[in-house]
Each structure stands twice: as structure tokens, then as C-alpha cells.
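Please find the structures below.
Across the two complexes that follow, chain A remains constant while its partner is chain B and subsequently chain C.
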Partner chain A sequence: MTEHELNGLFQPKGIAVIGASNNPLKAGCIIINNMIKGKFPGKLYPVNQSEENVAGLNTYARLSDIDDVVELVVLITPASAIYSIMDDLDERMASKNDVRFIVCAAADYAETKTEEGIKRQERLMQAKDKYGIRIIGPNCIGVIDTVSRVNTTFVDTGVSEDRFGPPGGISFISQSGSVAASILAWGASKVIGIRYNKFISVGNMADIDFIDLLEFLEQDPSTKVIGIYMEGYQNGKQLIKVMGRIARKKPIIILKVGRSSKGSVAANSHTSSMSGSDKVYDAAFRQYGILRVEDLWELLDTLQAFDKMRLPDGNRLFVLTQAGGPGIYCSDEISKYDFIETPMVSENTKNQLKETMPRMAAICVPEGYADITASATIRQHCDSLRYVLMDPSVDGVCFITVVTPFLPSAQLGKELSDTYWSLDEKYRKPVYFCIMAGEAVIPCRRELEQTGLVTFDSPTEAVKAAKNMIIYNMKREKETQTGQ
Partner chain B sequence: MTEHELNGLFQPKGIAVIGASNNPLKAGCIIINNMIKGKFPGKLYPVNQSEENVAGLNTYARLSDIDDVVELVVLITPASAIYSIMDDLDERMASKNDVRFIVCAAADYAETKTEEGIKRQERLMQAKDKYGIRIIGPNCIGVIDTVSRVNTTFVDTGVSEDRFGPPGGISFISQSGSVAASILAWGASKVIGIRYNKFISVGNMADIDFIDLLEFLEQDPSTKVIGIYMEGYQNGKQLIKVMGRIARKKPIIILKVGRSSKGSVAANSHTSSMSGSDKVYDAAFRQYGILRVEDLWELLDTLQAFDKMRLPDGNRLFVLTQAGGPGIYCSDEISKYDFIETPMVSENTKNQLKETMPRMAAICVPEGYADITASATIRQHCDSLRYVLMDPSVDGVCFITVVTPFLPSAQLGKELSDTYWSLDEKYRKPVYFCIMAGEAVIPCRRELEQTGLVTFDSPTEAVKAAKNMIIYNMKREKETQTGQ
Partner chain C sequence: MSTFVLDEVEAGNLLSSYGIPMAKTVICESFNELDAIARDVTFPVVMKILSPDILHKTDAGAVILGISSLDGMSKAYQTILMNVTTNCPEALIKGVIVQEMQSKGLELIFGVNRDAQFGHVLLFGIGGIYVEILNAVSMRLAPLTRLDALEMIRETPLGKVFQGARGARYNEEEVIQVLLNLSRLVQEHPEIIEIDINPFLVYEHGKTGCGVDALILCEKD
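Right after this comes the complex of A and B.
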């Protein structure tokens, strides 16, 4: 297979940032600094007519002044400067002919629906028409690649650590820059940070659009699951067809807004995209097993589940809890989805639990549910999880514990993790760990997450991720059975 | 009005903790230390037969050994010790006759449905029968009063600051100890911590139950809004009647689990309480304007909204956003509730916005919606909020901003807060501030919250709180109109 053209966007030789700045309140400053903080190993060329250097790097007055190879140009200047910048690009291409990609972060282009905005976007697009340069944006925050460490965004996640690494298998496409920024910030503030692979804010999609990126991610071996925030798209039918094809190989999780008529009008005035009939989208997503989520939290949690867990073999979900209240709450959440079934564990499993759990424990009352009570020791937590996972009727487990102050939080996490990973591979079924609550249980959650397990804030989030994985699995199984 | 009997529970003279311990992994250690850390100003008497002092306090071998007045006894011993403790209590009452309340935190009583458990609970209840001592529990984590600084719980919220103060107007009753602990931990990890007034974990409700506590909170002048986590209750009809009466004066926000048949069986095996027909409860809650919430997050956010905001005058909610994507998302969320109306602001308001906002801003496309765009300055944020709040058609505002790194976070919060509080009182309508996203925007959120404003993680949470306040207001207005 020949290399996909868009590969170059994520690992360019030389990046020029036009509009780079030393003013910390300017996006052109943050982009350069994000790239330096993120240890981008390649060459970085700030372009700025009035500063001699930016963030310690030699600065160039014009793009055409840079001697070395520049494959990616990031534009973070006011949109009105587009004409002179494009002239500068013409000059560069005449002599060097090296630029292959432009990320145009600035807004005030065609999305404004003004004559001037449309004219600017047309001028930008000449780069594609004349030289075949591929363009992301305008009106976006650009791209991140956690492997090559390209990061054209001006997002400050507020976390001090380098939370972009190590890379995971989640690639994300967002039609809104601010949703993209929010998702990055929320992801970074999770227990160990959501691990993206590629992250793309597409903005106006003057050139590179959903379909281009999806087809690229379809082939990208390091992308395991695809997340999308979408407002609308002109060629919905074609998009659904592509998504449907990809969803057979890689899960696609989508948050599509503009459900309501009001939201739809707002979407149109935002990215100038018709959101289309929401019902049509909804039906198509269902038909193709594309997972539509309700909110931003479900989006993040589901992406993380697909990235880190294996798919369940079936739809039988056991609730194993150390706390009655949250266990009941979890059962209620599961009951919202009639396709999730109750596992009927064997008498042997029941006896194992009855013999080893605290005397007050409620084992399989009701079926598929065990409350090992707040008096359960770490050993009992681990044993109960092992017994349940080894039962052939169980396809997945919601495991809930409200860590009491007399249960050492980190040790609990470590021993649960050891228990899980010491099981035979066939028993390492999906476990949705709800470790409650708040900051006191971070040590426990961190221990679990560091070994690749996934933890959730509460049963609400755990059950949503579980049902999404079950839906995806059922859809794929059905396709296999019917030979579709 | 004579003082309510239960007042004494929250401001007892002298607290004895039977089962106090120096072992940091025992609840009896954490209770004593929580009380000390929380600066409980009254007298504290650890009771323990083998230690000479606990946490630096003189320790007593028996309750009857304490010379001073003890009005509240906390039991955190294994349930099997109940007989000797009750003998000790008999002795004390014969000589001092001072104990008025018992918080029995230990489990393994009647909720186990064993003969022994029932017998223990009967022995505990003799304290009530013989001496009129009122009992909380067993099988609970007891009570907190943020004013008197009584705290019988063994919850470690994981936050270092003293997050229980200053007190707010939220009083909370939980039937599950672990849900109570989780809620305390989540509340403490919020931007400035949820401010409770009284917090009660009721457990088995052998004596003091929902109705007792609700009737007390009804009269309690410092309780502004009541939160409940409920699994079930024997006398549901009576409970609903009391709740309905109280809801006319103070909002009641309830998370009732056991919706599903499976959850209901689990609830019965947990606190031995029949959850009753969920549909009956649901209809009754609606009829009386008792606000039933879907999940723990909605519970916390709604409590905080009622505690800190004034009620809206009507149901017209304006969406004012600095970011297109989250604005559309917010419109979708609002559209889920057909009773929320779109405000039609005046031409004057529209012109004010058009003249002062960035040129790219979308003003009232659609009606009741304005996107001031990411290029909006702090001044423009503040002005737009002021114009919208001053429009007579607006009853409340969802205000969304995705703080870009070039918008100083704390300053934005401070100026927004100044703008709000400098308005005439009549314009200080409910504003649901969504400041996105993650840790980077904490300075902004803190500035707003410190002055009494409420911030939310995303439009999902903001809209849920808003719709709950609107429902409550509509219900109360209808009652006033019909003279009910």
C-alpha cells in the first residue's frame, strides 16, 4: 500500500508559523511554545516581520526567506493578511516548491458569509489549485500528532505534565475549535490523561474534510478508534457510506449536534454547514453501527474504553459492588438498555463467593449482582472480581467500590490490577471500574489506569461506555453471522 | 415556636465516641480526627478499653466513666458489642441521665435480616424505649453540621482544606452511607466545594427516619434547599405528603433509585426497604413539585443552583456563548425540555449587541441565542451579559465561554462577577456559567464562585440545573395562581 498523502501532514519536514509572537496573550506565541514544550523534534521557523527571535528561535520576515525545507505552514495572522501571505507563498513555491500543507488557524473567512470572507478563502484555496497544497481550516485549531509531536494548536490544557504522551489509539476530528480545545483540556485533567494518537480540528473544511480524514484514519495503523464532533456536512450520504465502511474495522464514536431545530440554525450560522435532518443521520448511524453519544462525557469515556479494553464477547454484564447504594444505582442505569442481559453465574461461582465474602454479603440477589459490602478486604475485592470474571456466563463486569478511609487506596488499585493481569487472557474481559469518589481515590484509580485498565467517575459513565461496547460488538457479530 | 427536638442532635453538649481508636485504618480513628481537624469546639470523649488516650485526648474505658455531660453517643464498635454497650448506657442513664442521641454507625443489625441482627437492633432501640434517646442508624455514617462542626462521619474527602466551611443552605439526607460518602467527596472536589448546612446518613432508620428529618429541616431556618438520596420507605404515602408540604416552602431535590425491577430487588436486600412502585413515586413527585433528578451530578449541581441563585421569574432562557460548538450543543440540551421558552429580546438589545460585539458575532440567529465569537474581549463578555440580563424578556442566561489562553482566566472571572453584582437587583437573574474547560479555567471559575455565582462543567449540567429551577418556579407560580 502506498503511503497516504495525509501522512505528511502529521510528520512534516520543517514547520513555519506565520504570525509567531512573543506576546504571551497571542495564539502565535502559544503555538510556538506548545511545540517547544511538547518537544517537537523537527525544525520550527517563526515568521514575524517585527521580532528578531521568538521563543529563542531565529525569526524570518517572510516565508520565502527560510532556506531549509518547509513542508507545513501554520497561519495564525489576522485573516486580512492572507493576500500578502499568499504572495509570499507564491514566491516560495517558485523557488523551493516544498510546502505541502497549510493549517489556517485564523477565522474570518467564508464562515462569515461576507463577500470579503469568501474572497479570502478563495485566495487561500489557490494554494491547493496551483500547487496541490492540502489545507486544514480555516477557522480551526489545527492538528496534533502525539507520535511525531506536531502540535499546531494554541490550547493550554492547564496541566503541568506532558499529558500528550505516551500516545494512545484514539484519533479525533472536531468541527468546532472550541469543542476541540475543551476536549483536550478535559482529557488532560482525567486521572492519567486521555491518550490521543491524532487530533484534528477541521474548521471550515475548505479543502481537507471529514471524508479525507476518515479515509486516512481508516488506513492509519496506529488509530484504533475514531472520535468525531460534528455539526453538519454538505454531502451527508457520502459521509455516512464512508463511516459505515470504516465502522466495520474501527469503532466510530460521534457526537453530532444540531439535533434540535434551534441548534440546527445555530450550527448553520456557526460553521456555515447545514446540519441536515437529524433523524436521517440518527437512523443511518444506527444502521451502520456508528455509535452516537449524548454528551461530551460519554464521548470521552467511550473513546477511552474502546482504546484500552478488548471488545466484550457478549452482552451479559455483571454488577459487582462493595457499596449497596451505588450498586442499586448501577442496576437502574443498566436497566435503561434492554439489550444488556443479566448473567446467570454457576452454582460453583455463587458458592465461591458465598464462602469467601463477608457474611453480610448479598450474592446474586438479584441474579447478576453481588454486594460484597463495605467490610470487604482488599483480598475479598480481588477474589470476587476473579471468580466473576472466570464464570463463563459473564461477558463484562461493572466493578464498584467506594474506597473507605480504612482501605488503603493505592494498594487496593495495585492488587486489583495484579489480579486482573494475572488472569489467563481469556478471562481478561472488560471491567468498568467505578472507584468512588473524588480526590481521595485518585491513588487507586491511578494504579489501575497505569496498567491499562479504565476507571470511571460513577456508574453513570461506566454503564454508558459498557453499553456502547456491547452495541458495537453485537453489530459486528450480526454482520459476521449474516456474512454482510 | 418551641425548639425542635432534633436541634440537639446537631449541637450536643459533649460527644462520646465508643470505639475511638489510634489505628489510622479504623473508622473510630477517623471520626475523632475528622472532628479535631474540623475544629469541633465542644467536648469530645473517646471510649476505648485498651488505649490510654486517642488523638491526644483522655480516653475512658466505659461511657459511664465520663464525669461531664454527654448528650451524643457515637457507636463505631463491631455490632456484637451492642449488648455490653447498652448495659454501660443503662448504668450512665441511672446516674447521669444525660444522653439524648445515639449515632450508631456500625452495620450488621436488622438490615442483615438475621435473627441475631434483628436482636441487636432491638437491644439498641431499648435506649429509645426506656430513656427517649433518639437514634440515627444503625448502618450509616451519621451526621455533619457545618455550623456547630459536629461530624460523626468517617469520610476522608481527600481535600486538604477545610471544605466544610463556611456553611451553605444545603441540607442532605442519604439512605446509603456510601452514596453519602461519595457525595461529600465529590462536593469537596468542586471548584470551591459545595456548602452544606446539615448532612445526615440515616441507614436502617430504626428510629429517626426521613419524615422526622424532613419535618426538622422544614423548620430549620438555615436550611434553604433539601437533597435526598432514597432507596425506599415503608410508609411512602405519608412521606410524599410531608414532602409535598415542605416543597411549597423549600425545594426538595431527590435521587430515588430502585427504578428498575433489578435495582428494586437490590435495594430490598441492601437497606431492607421496599422501594415501592417507582411509577407511583414518580407521579407523586411530579404532582407536588418535588424535583426528581436522574443522576448524582444533576443532584449536586441542582442543589448548588438552588442554594446560591434566586429563582427565575419565568421560563425564558437565553444562550449567550463565546464559542459556536458549545452554544449549539447547549441549544440541543435546552430543546429537550419543551417548557423552556426562547426569549425574544428587544430591537434595542439586539442593536446594543450588534454595535458592541465583534463583527463576526451572530446575534439572535436564532432568536434567544448570541455567539459573540472567540475574538470577544473581556469587556465584550461583560457587556453582552449585561445587555442580555437587562432585557425584560430574559428570565435566565446560559453563559458559555471557552477560555482561550489569550483571555486571562482569573481576570475574566473577576470582571464578569463585578459586572453581575453591579447590576440593579432586579437584573441579577439566574446565570448558569459554563466556563470550559478543565483545569485551565479554574481561576476564572473560582473568581465567579467566590462571590456566590455558580459555574458548571459544561452545558449539559447547566441546562439540567436551569430546567429544575424553572420547573420549581412554574409549580409554585401555579399554586399561587390557583390559590392552592
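Right after this comes the complex of A and C.
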């Protein structure tokens, strides 16, 4: 297979940052810092007319002054400077002809729908017309590739490097820069920070758009699941076709806004995209097996579930709880989705649970539900999980525990994860761990997540992630069965 | 973009030719034809004016229900024409429609809209006069696969009815075929902007359903 054109965007030889700065309040400073902090192994060239060096790197007054190869240019200057920068680019291309990509972060282009804004965007786009340079933005926060360590964003998550997990398989495309920044920040603030695989804020999509990026991620071997925040797109039908094709191989989770008529008007004036009839989008997503989520939390939780867990084999979800209230609450959440079924575990499994759990435990009353009670020890937590996972009628488990003062939080997490990972591969079915609640249970959740398990804030989040996994699996199975 | 509307008879014929069963409808263009029509249809019938200019036929006194004899048809014919002459003197009259009345069944709606971005979108759901209020409909982009059609049905509350809720015995296959035929129709006729079949009546125990009212809006080239 030939290399995808956009590979170069994520693995450029030499990055020039026009508008790089030492002023910590400027985006041009954060970009450079992010790249240094992220240990970008390639060459970085700050371009700035007034400062001699930025973050210890030699600066260049003009793009055309840089002797070495520059494949990616990041623009973080005010939009009004676009004309002189493009003249500078023309000069560089006349002598070196090496630039292949531009990430234009600045706003105040065609999205303003003003004559001047449109003119600026046209000048920017001449780089594509003249030299075939591909452009991200304008009006975006840029791109991240944790594999190659390129990071052109100016988002400071405030989370230290050691709080992040290893690079995962989640890649994300956002039409809004601010939502992109929030997704980065929220992801970073999870129990173990999410390190997105590829992260792209597309802005006005003057050139590179959803379809280009989706097709790139489709063939990107390290992307396992794709998340999207979308306001609208001019060619909905084409987009849905591409998404539908990809969704058969990699799950696509989308937060599309503009459901309400007010939201839709705002979306239109925001990114100057045609938001399209939301109801039709909704129908098209269902038809093509693209998972539409309701909010940012469901988006992140679902992305993590798909990244870390294997797909369930079926739709039978067991509720295993150590506390009555949260267990009932979880059952209510599950009952919102009539396609989720109750597993009927075997007599053998029931007997194993009855013999080993506390005397007061309610085993399979009702079916598909077990309350092992607050007196359950760590051993009993682990045993019950093992018995339930080994039952052939169970496709997945919502595991809820409210960590009591007599349960050592971190040890519980460690032993649960040991139990899970010591099981035969076939029994390592999806488990949606709900360790409640708040700050107190972080040690337990961290132990679980460090080994690659996924934990959720409450049964609501756990069940939403579970139902999305089930919908995806059912859709794929139906397609396979019917050949459609 | 200029458009034109197919009248009930034209719409019915087009849909029937694509395998979508429609209630038997005959145009009567003169009083003398009534006798032959009466021998051809099954009573009771409903008679109504065929005119592109009269949208609210009931208000114009141009619909008469429950006619069960040739005598009744003759009277209805005269009454309808008299009412129309009085209430809508300017209207163009193409004739009077004689349509076989359908027994009470489960009312469905089938529809198609041509979306600016997505092209033809099919719609299915609970029909009748409260379609908008109940809003129990599902949509899919054309062309439909059989699986899409099945999912459209299952996505609405009707899914449970077709699966036998409260002992219901409706024929889901009939609905699937209407959806697939509609999909084929609009694939072959991109000029169609809108189709609205409401109600489409379905019955239990093997009695074949049919569309009663249909409207088709097309783009004029």
C-alpha cells in the first residue's frame, strides 16, 4: 500500500512555528513548550521578528531564512499578517520548495463571513493551489500525534506528564477548537490521563476536512477507535458513506451538535458549515452503525471502553454489586435500553456464589443480578467477579462497589485486576468497573486502570459505555449475517 | 425549481406499478360512466372531487363516504359537483373519484423526502391524522437494504406490535416490501421530491393491506 499523503503531516521533517514567542500568555509560547515537553525528536524552528531566541532555540525572522528542510509550517500570528507570511512562503518555495503542510491556528478568516476574512482565507489557500501544500484550519488549535510526538496545539492541560497513560488507540477529530481543547483537558484529567493517538482540530476545513482525516485514520494502524465532534459538513451523504465504510473496521463515536433549532443556527454561524437536518443525520448514523453520543462524558467513556476492552460477544449484561442502592440504580439505567438482555446464569454459578458470598447476599434475585453486600471481603469481590465472568451466559459485567472504610482501596483494585488478568483469555469479557465514589476511591481506580481496565464515575456512565459497545457489536453481527 | 403534484389517481398508479398496493380508485369523468364503474368496484365506496385546486375537499363538501349502491353513487356525483360549483366556482374539475372504502386497520405512514444534503430519505411510522403529534417515525437514507427496512420498523413503537405484542398478528414482511419498493421507486425517479402515503392500512390474519391516500411531488425539468 502506498503511504497516505497525510502521514507527512504527522511525521514532518522540520517544523517552523511562525509567531513563536517567549511570552507565556501567547499561544506561540505554549506551542513551543508543548513540543519541547512532549520530546518532539525532530527539528523545531521558531519564526519571530523581534526575539533572538525562543525557549533556547534560535529564531528566524522569516520562513525563507531557515536553511534546513521545513515540511510543516504552523501559523499562530494574527490573521492580518497572512499576506506578508504568504509572500515569505512564496520566497521559500521558489528557493527550497519543501513545505508540504500548513497548520493555520489563527482565527478571523472566512468563518467571520466578512469580505476581509474571506480574502485572507483565499490568500492562505493559494499555497494549496500553487504548491499543493495541504492546509489544516484556519480557526483551529492544530494537531497532535503522540506516536511521532508532533504537537502543534497551544493547550496546556495542567496535568503533569507522569499522570498520563501510554499512547492509546483513540484518535479524535474536532470541528471546534474549544471543544478540542476541552476534550484534551478532560481526557488528561481522567484517573489516568488519556494520551490520544492522533488529535486534530480541523477548524474551517478550508482544505483538509473530515473525509481526508477519516480516510487517513482508517488506514492508520495505531488508531483503534475514532472520536468526532461535529457541527456540520457540506456533503453529508459522502461523509456518511465514508464513515459507514470505516465503522465496519473501526468504531466511530460522534458527538454531533445542532439537535435543536437554536443549536443549529449557532452551528451555522459558528463554522460557516451547513449543519444539515439533524434528524436525517441521526437516521444516517444509525443506518451506518456510527455511534452518536449525547454528551462529552459519554464520548470519552465510550472511546476508552472501545480502546481498552474487547467487544462483547453478545448483549447479556450482568450486574454485580456490593451495595443495594447503586445496584438498583444500575439496573434502572440498563432497563432504558431494551436491547440489553439479562443473562440467566447456570445453577452451578449460582451455587458457587451462594457458597462463597456473605450470608445476606442476594444471588440472582432478580436474574442477572447479584448483591454481595457491604460485608463482602476483597476475596469475595474477586471470587464473585470470577464466577460471573466464567459463566457462558454472561457477555459483560457491570461491577459496582462502594468502597467502605474497612476495605483498603488500592489493595481492592490490585486484587481485582490480578483476578481479571489471571483468567483465561476467553473469560476476559468486558467489565465496566464502577468504584464509588469520588476522590476517596482514586487509588483503587488507578490500580485497575494501570493494568488496562476501565473504570467509570457512576453506573450511568458505565451503562452508556456498555450499551454503545453492545450496539456496535449487534450492528456488525447483523451486517455479517445478512451480508448487508 | 418548479414542481408539480401527481393527483391521487396518478400517484396511486405509479405506486401500484412499483408493487405498493393501493386502494382501488377509478376516475369518473361523466355521469354515464357510473353504471360501468358500479359493476367494477366492491361496495361500499367513497366518492370525492378530483381537482388540483381543491385542497380541503371535506370543507368544500366534495367528499361523500359510505356509498353502497349505484343509486347512491348517482346522488353523490350530483351532490359533489353541485357543492363544488357553489363553494369553489373557479376550480378546475378533472372528474370525480370512486374509491373502494377500506375496513378499519392499523394506520401506518410511509414517506419520502429529498434532503438537500442526503438525497432521498425514507420515513415510516404510525400514520393517521396525528402523525406530527405522535412523532413515532423512523428514517433511513435511500437506497435501503432489507436490514435497514427491518431496523426502521423495529425502531418505532410499531416494532413491538409487529413482533406480536398483545397477540397482534400483523405481517411485517408486507411493510418491508413497501419500504424496499419505495426505495427502488425513488432510485429510479430522482425527480421525486416528496411522497406521502398516509394512511396505509394493514390488517391481521393475512388480509393484504393497502395505501389509501397518496401524494407525490415532483421536480419539473
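In this text, the second predicted complex is superposed on the first by the 480 of 484 C-alpha atoms of A that agree within 3 Å, B and C clash if a C-alpha of one lies under 4 Å from a C-alpha of the other, contacts with A are read in each partner's own complex, and residues count from 1 in each chain.
The criterion applied here is as follows: a contact is a pair of C-beta atoms (placed from the backbone, for glycine too) under 8 Å apart; a residue touches a chain by one contact, two chains touch by 3 or more.
These numbers were taken from a predicted model, which means no experiment stands behind them.
S.K.: In the overlay, answer first, second, both or neither for which of chain B and chain C A:56 touches.
M.R.: Neither chain B nor chain C is touched by A:56.
S.K.: Applying the document's definition of touch, where does A:41 land relative to chain B and chain C: first, second, both, or neither?
M.R.: neither
S.K.: Between chain B (first) and chain C (second), which, if any, makes contact with A:166: first, second, both or neither?
M.R.: Touch status of A:166: no partner.
S.K.: Who does A:404 touch here: chain B (first), chain C (second), both, or neither?
M.R.: In the superposition, A:404 touches chain B alone.
S.K.: Looking at the overlay, does A:221 come into contact with chain B only (first), chain C only (second), both, or neither?
M.R.: After superposing on A, A:221 lies clear of both chain B and chain C.
S.K.: May I ask you to decide whether A:283 touches chain B, chain C, both, or neither, giving the answer as first, second, both or neither?
M.R.: Once the two structures are laid over each other on A, A:283 reaches chain C alone.
S.K.: Per the overlay, which chain contacts more chain A residues, chain B or chain C?
M.R.: B
S.K.: Mind working out whether A:132 is in touch with chain B, chain C, both or neither, as first, second, both or neither?
M.R.: In the superposition, A:132 touches no partner, neither chain B nor chain C.
S.K.: What part of chain A is shared between its chain B contacts and its chain C contacts?
M.R.: In the superposed arrangement, which is not itself an observed complex, chain A uses no residue for both chain B and chain C.
S.K.: Which part of chain A faces chain C closely enough to touch in the complex?
M.R.: 234-237, 240, 274, 276-277, 279-280, 282-284, 286-287, 478-479, 482, 484
S.K.: Touching chain A in the complex: which residues of chain B?
M.R.: It comes out as residues 25-27, 30, 107-108, 112, 154-159, 174-179, 181-183, 185-186, 188-189, 229, 231, 255, 257-263, 265-267, 269-271, 295-297, 322-329, 331-332, 334-336, 342, 360, 362, 365-366, 368-369, 371, 373-375, 402, 404-408, 436-442, 458, 460.
S.K.: Tell me, which parts of chain C touch chain A in their complex?
M.R.: Interface residues on chain C, with respect to chain A: 115-119, 121, 138-141, 145-148, 151, 155.
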